[in-house]
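Next come two complexes, and both contain subunit A; in the first it sits with subunit B, in the second with subunit C.
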Partner chain A sequence: MSKWTKVVVAALLCITLLCGCGSGGDTSGTDTSKDSTGTTQQTGESQPADTQTGDAASSEEMPTLVYYTFADRSKTQDGEEAVFAKLNEITREKIGCNLDVKFVEVAQFEQQMQNKLASGEQIDLMYTSTWLNLYAPLVSRNALLPLDDLLPVYAKEYYESIPSDWWDCTRINGKIYAAINQQVFARQPYFSYPSNIVEEVGFDWENATTYEDVEDYFKKCADAGYTSDQYSMWGGIDGSTMNEYYEFQSLGGEKTPGVIRYENDGKPVVFDQYESEEFQSYYKFARHLYEEGYVDPNVLTSTLEKPSLFRRAGAYQPYYVESLESGIFTQFAYEDVQALVKPIGKPFITTDSVIATMIGVTVNSKYPEKAVELINLINTDKEFYNTFVYGIEGVDYILNDEGKLEKTESPKYDISVNAWAYGNVFNGYVLSTDNENVWKEQDAMNKSAACSDVMGFNCDLNGVQTEVANCTAVIGEYEGPLMNGLLDFDSTYAEFIQKLKEAGVDTIIAEKQAQLDAFWEANH
Partner chain B sequence: MVAKAAKAPKAIEKGERKRPKWMSKDNLQLMSLVLPAVIKVFLFSYLPMWGVILAFEDFDFSLGPFKSKFVGFKNFEFFFKSNDAARILSNTMLMNFLFIVTGMVVSIALALLMYQVTSARKSMKFYQTVMFFPFFISWVVAARLLEALIGANGMITSTLSRMGIQYSFYNNAEIWRIILPICHIWKSAGYSCIIYYGVLVGTDATLYDAAKIDGASGFQIMTRLQIPFLTPMIVLNTLSAVSGILRADFGMFYFLANSPLLLKTTDVIDTYVFRAIQGMGNLSMGAAVGLFQSAVGFVLIVVANKLSRLYDPNYGLY
Partner chain C sequence: MKKKKVTTLTVIAHVVLFLFSLMCLIPFILLVSSSFTNREELVKIGISFFPHEPTVSAYQAVFEHPIRIVRAFGVSIFITVVGTILNLVVCFTAAFALSNHNFVFRRQVSFYFYFTMMFGGGIIPYYMVCTRYLHLSDNILALIIPPIAAPMTIFLMRTYLYDIPYTLHEAAKIDGASEYQVLFHVVLPLARTPLAIIGFNTALGYWNSWYEALLFITDPKLYPLQTLLQNILAYVNMLKNSRFANSKLMENIASIPSTSIIAATCLIAIGPMLLSFLFFQKQFVYGITNGAVKE
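For the complex of A and B:
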């Protein structure tokens, strides 16, 4: 019999354990008071607190803010404990709260946030943007709290440091729902080339300002014996690249159909970029390149490691002003090869480029006021920001004689690749490889760049989700192959447009135009 | 089982001290073995079931799942309105049909072959492991392996080009109706063959000896004895596979055939939904399609089970 008692007891234990978990997850849908932090990040929450604040009891009562953002965990996990302890020291001293930072891999971030938000888990602060964990849909589903009343009170210094034009970019229905991380907002397309190949084949890269000019580079490479996968455009060309190239302004997501162009009277008109003459001519040109053998046939599929983005010709937006001036991208040098960069067009700021990286306070926040205070700290406190991004001095990095940052040989914690996602990058240390005025120049670029006439307009596509979903699927199928010449223009273009029409592209355009007209009326 | 459990209190009322059959001392041990699986299904399949209401809501994070606005079937619209609905439905069913048939044939053949290798019991473990191993390899890794075979500079592609045949696997959609079933077999045949092999090992070997003495050929033993032994398991496996015929193995289609040029044959429900609503932040639309897949699966399994029981009352899941 004793054997059976054991079995039954074990089984009962299993049930209670598992059910405990199950019902916990179940009820949290409505219950936000549950503190979920107890289990995970206890690092430095208890002991160091007592010594720091000098008030032993207070650390127990201090609220704990939960901050979700994305990071490459393989670059943080060894040093997290020490870094979070230091961050907590700062937050306890300056704003009187504990901080529980949760890093999620970028690929899982959006889905995890959706689930956690829906289940009512405590999230005080959360990354949101135009490309990951999308801002406008979150706002339309009431996932974020409006910050208009909180920012001027609890984050005064930060709030005032951002021009009101930029704050307007975050406004949806007149309200601010997230705090901007300052970075280079101005976007400018460019062509980049690997310096060694350019020198070898003798291409006049400084005067190539159109894709038609770049064809000569491909031709010279092919003649010199390079294969198309060695020089063709990395990762292929997509619609958002071409939007920038043709200076179309996207609205409500880079790939959704419907971009802006200005009519003669200065009024913005929304049209389907995939049907535009510009895109059509590029599809044809791409097909021509493909037929000439200048396009890697596997450009869309190859999952094998690319030698380097900047070994190939490509177009994208710059990050470093200084590199543009000298035409050299030191940041992206690969081994001994430097990238030559030829900017085309003018630096340009749009709503989407301003709100490309933000932090929002969610409806599940237990301490919205503290959360906003933390936003202020992240954006104004250099020590906090640099610890967050670079880790601990002496362990993960050292400051050299000039006060510039050098990473240690094997930093335990370093998320500086995404420094723009965590706060005001201008508060960061200057890298030893960078010009010491880099932040000033970038700031100047932001302030001098031309701004879109519809800055501050945010598009809400909630009413046309069916059409957006189906158009996105169609675009996903045809855009890449057409943009890279893999499909024959004459036989497939009509099919593409036909399918877009069936998927309801005109409804989306009309919706965008109506919203834009309303915005235009109100602001001009 | 549930029906029998319901009867239990009645028996007690009658004053019979006898426990129901499933709780008898002999069965209790077996029941405790099945318990973890029952708990798992209950926790992960029954408890979250209330979540289907998400599919009918315009979900609002501040209101939560129970107070959000009810919008009926609006979230289903995008899928059924899609001009590709016919294509993705037929692709999903055709591909799954191919997987079921080829997977079954190959794994039964492997099980029969393994049963023949009784002389080398030691190497048996080796064969089993080799066949089973791909089951543990993720599709992400498998995609790299596949690319090394049929990618631009892959082994097969370059061998073909040396023979004068220029063929790009990633630009021709039709060939993937063959490549994907092969990949499916590679990954899962070892796993399901163990199940069939287990059934074979459990059969009475003296029957085969008797058949041999009576002059049955190896082929006859297979068709008259072994296959009939396997039939209940085949029916069981097929029935449960049929219920999932609208559920594509997302990882497989997404990672192996990740090119827009292949969508004509490889675009299935799961990849379409991913492509269409990824990044829209809309839980409800995804939930709607998931519910549709489950509902169809439910109907299919009931119908298939009925049909198979009509054919032979012993062949059924329940």
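For the complex of A and C:
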């Protein structure tokens, strides 16, 4: 008996070993072979996905580029096959390769990319940014290829369309590791008002450029019988919006203490914005507004429900945001109420806003040159970009008489919510609800925006993480109430600053200043 | 009936355990309550133990587009049922072999299993084995096969099977039973309790598993429930924190799930396991004490 067991066990072990070797031997490169479970990824055209053998065996066969990016798959899966087929038609004709687009959910993206990169799977192009699949760590792990030599050759048109200042933002140790997706980089502070109320109360909105000027609007509204929740300042006012209002540049996170101001000799100095005279005077002003009854007492809790704020009482509040983006002027219309928008200050661009969405070529790429050609195509070819983002005309969208885009009732494929993640948004169709010059205006705004003098500086706060966490907690506690006048300035402000000091605000400022000085020395 | 003595120690123990169970229970109650609270109340008052105006609108919203969720339910149920059965077959037979005195190499094989409990290859090799050699990416088997032979389960089972007197095996064999007949007609009926407990634990593991799907699944048709939930939440967070918030997004933000919908979805996800626990509870408590004491 025991002999038999031995033999059987030995035999089984041998079989398992052999099986392992066998399947390992013949498919060592790709993972796309087993699709029997009905995945929709492989379109008819992109079927020759077995590129491993393809490029070695017959050079005339077209290479297939694998492009990983994120999308909400529930919005794409029904239409993917048709869209990818059309994209492949374009890539075959224009750059002579097949394209295998792989959409991964945001939640899975980083983890899957890490594993695929580490296991050597083919990834030619990959989404990277400052918020998902983080750019700097990827570069320090040597996961991305430097593109300095490839871009001017294989993506000339695209490379030249981007100002060199912006390219500098992507440079790490002097090299470009990813290609920028053009979108609205510039931030433009502004006030907006609901047109119906402004007309009724007769407010001179075009000449109101400061918060002090806006007080007149509140007064008139209150006199006309509106309640504070119908006209008061939107509750989203916090440190980051105030930084932009006062033209302070944030470093390493909007809500961390320590922003830049320039000294007389042009050198940037880091200081604590919460202690600045500007912030103090705003806190006092906010308290004044509150005491006059111009602030909605629920202002802080209502921030959670942004959309309903726009809709409340068929009107909006004077509203201040950090950016003036895609058609936001016209889109602020709800229930026949137009928004009146008054930009204040100048638009400006920072490093983080430029590198917020990019595509990199990975070290696992089989065809880096082709991949860079594809980057060029994504960013310069309107047909390709629009198919990628909006799908197929007649199925997922239609173009109306003015050439503007209207989505069909139930599009099978639509990732336009994330249009900024895939290429140059200025190549996109204009939505039927948007102004037809929207892209031109925004492009102009980008080009006219003032670039930060410390473009390309990336602040690394890992060394002072504890202090940052402590300060963030203190700021979270006091900032909102102070900014909106809910707390009494005289009795609480000193306490706020005291707690910030205890939380280590000075350490953060010193750390930021030291890093900035080093950067400044190296670049000036 | 023997009356138990109440000592200070038991009082303290009871108080501590009571507080601990409260700590476990309160978040759960808040979850249930917030799933029945409407949006405005959540914003204005926050989560409370009893909603002032209970509403099922969150559940209506979840099931408004049911295909995704129903499909994910289907996937989760499939992997739980099939995975648990396969897992029990593999682990039970392995444990039987290891508990069998006739098996000469049982110490070596035990060590082989034990070794994998102590040392793993890490994520990357694991990922490579699954995708390259087993071709499990975007395959429902990826959710079933990797955890199928759990050494922990095998050892638990083996320990239990040791307790079945070996004389029973011998008696059966004297009556002419083969090894298989011993397994199915002698050992299996005696091992029902551990099978139920281990089965329940395994089922729980399969139902709650999300990591395998995170690694291997990109086809939305194959998302188990947990992955679907995670994806929805991550997407919502992305939209909320997005610095690119533009006009198109504003429209979408209005349609993203509020806290109560998230709570409702969570409850729907844990519901089936909660119910089945109630049924298994008796077996469960009995079985754990049973395995704990060994004489």
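We adopt the following convention: the second predicted complex is superposed on the first by the 267 of 524 C-alpha atoms of A that agree within 3 Å, B and C clash if a C-alpha of one lies under 4 Å from a C-alpha of the other, contacts with A are read in each partner's own complex, and residues count from 1 in each chain.
The definition used in the following text is that a residue touches a chain if its C-beta (ideal position, glycine included) is under 8 Å from a C-beta of that chain, and two chains touch if they have at least 3 such contacts.
Bear in mind that the values here come from a model prediction, so they are computed numbers and not experimental data.
Asks: With both complexes superposed on chain A, which partner does A:468 reach: first (subunit B), second (subunit C), both or neither?
Replies: After superposing on A, A:468 lies in contact with subunit B but is clear of subunit C.
Asks: Who does A:180 touch here: subunit B (first), subunit C (second), both, or neither?
Replies: Touch partners of A:180: none, neither subunit B nor subunit C.
Asks: In the overlaid three-chain picture, which partner chain does A:353 touch, first (subunit B) or second (subunit C), both, or neither?
Replies: The second partner, subunit C, only.
Asks: After lining up the shared chain so the two structures overlap, which partner does A:142 touch, if you call subunit B first and subunit C second: first, second, both or neither?
Replies: A:142 contacts subunit B only, not subunit C.
Asks: Which partner does A:162 contact after superposing on A: first (subunit B), second (subunit C), both, neither?
Replies: Neither subunit B nor subunit C is touched by A:162.
Asks: Could you say whether A:483 touches subunit B, subunit C, both of them, or neither, answering first, second, both or neither?
Replies: neither
Asks: Could you look at A:123 and tell me whether it touches subunit B, subunit C, both or neither (first, second, both, neither)?
Replies: In the superposition, A:123 touches no partner, neither subunit B nor subunit C.
Asks: Figure out whether A:102 sits in contact with subunit B (first) or subunit C (second), or with both, or with neither.
Replies: second
Asks: By the touch definition at the top of the document, which applies to A:298: first (subunit B), second (subunit C), both, or neither?
Replies: both
Asks: Just to be sure I follow: which residues of subunit A are touched by subunit B in one complex and then by subunit C in the other one?
Replies: On subunit A, the residues that contact subunit B in one structure and subunit C in the other are 118, 298, 301-302, 304.
Asks: If you look only at subunit A, which of its residues touch subunit C in the complex?
Replies: Within the complex, subunit A touches subunit C at residues 1-2, 5-6, 9, 20, 23-24, 27-28, 31-35, 37-41, 72-74, 77, 102-108, 111-112, 115, 118-119, 121, 131-132, 183-184, 298, 301-302, 304-308, 310, 322-323, 325-328, 330-332, 353, 356-357, 416-417, 419-420, 431, 433-434.
Asks: Which of the residues in subunit B end up touching subunit A in this complex?
Replies: 28-29, 32, 35-36, 39, 43, 47, 54, 59-66, 74, 77-78, 81-84, 143-144, 147, 151-152, 168, 170-171, 258-261, 263, 267, 272, 275-277, 279-283, 285
Asks: Contact residues on subunit C for subunit A in the complex?
Replies: 39-40, 43-44, 68, 102-105, 109, 123-124, 127-128, 131-140, 214-215, 217-222, 227, 230-231, 233-235, 238-239, 241, 243-250, 252-254
Asks: Under the stated contact criterion, what part of subunit A meets subunit B in this complex?
Replies: Those in contact with subunit B are residues 4, 7-8, 11, 14-15, 18-19, 21-22, 26, 29-30, 110, 114, 117-118, 120, 133-134, 137-138, 141-143, 229, 253, 296-298, 300-304, 362-364, 465-466, 468-470, 472-474, 476-481, 486-487, 499, 502-504.
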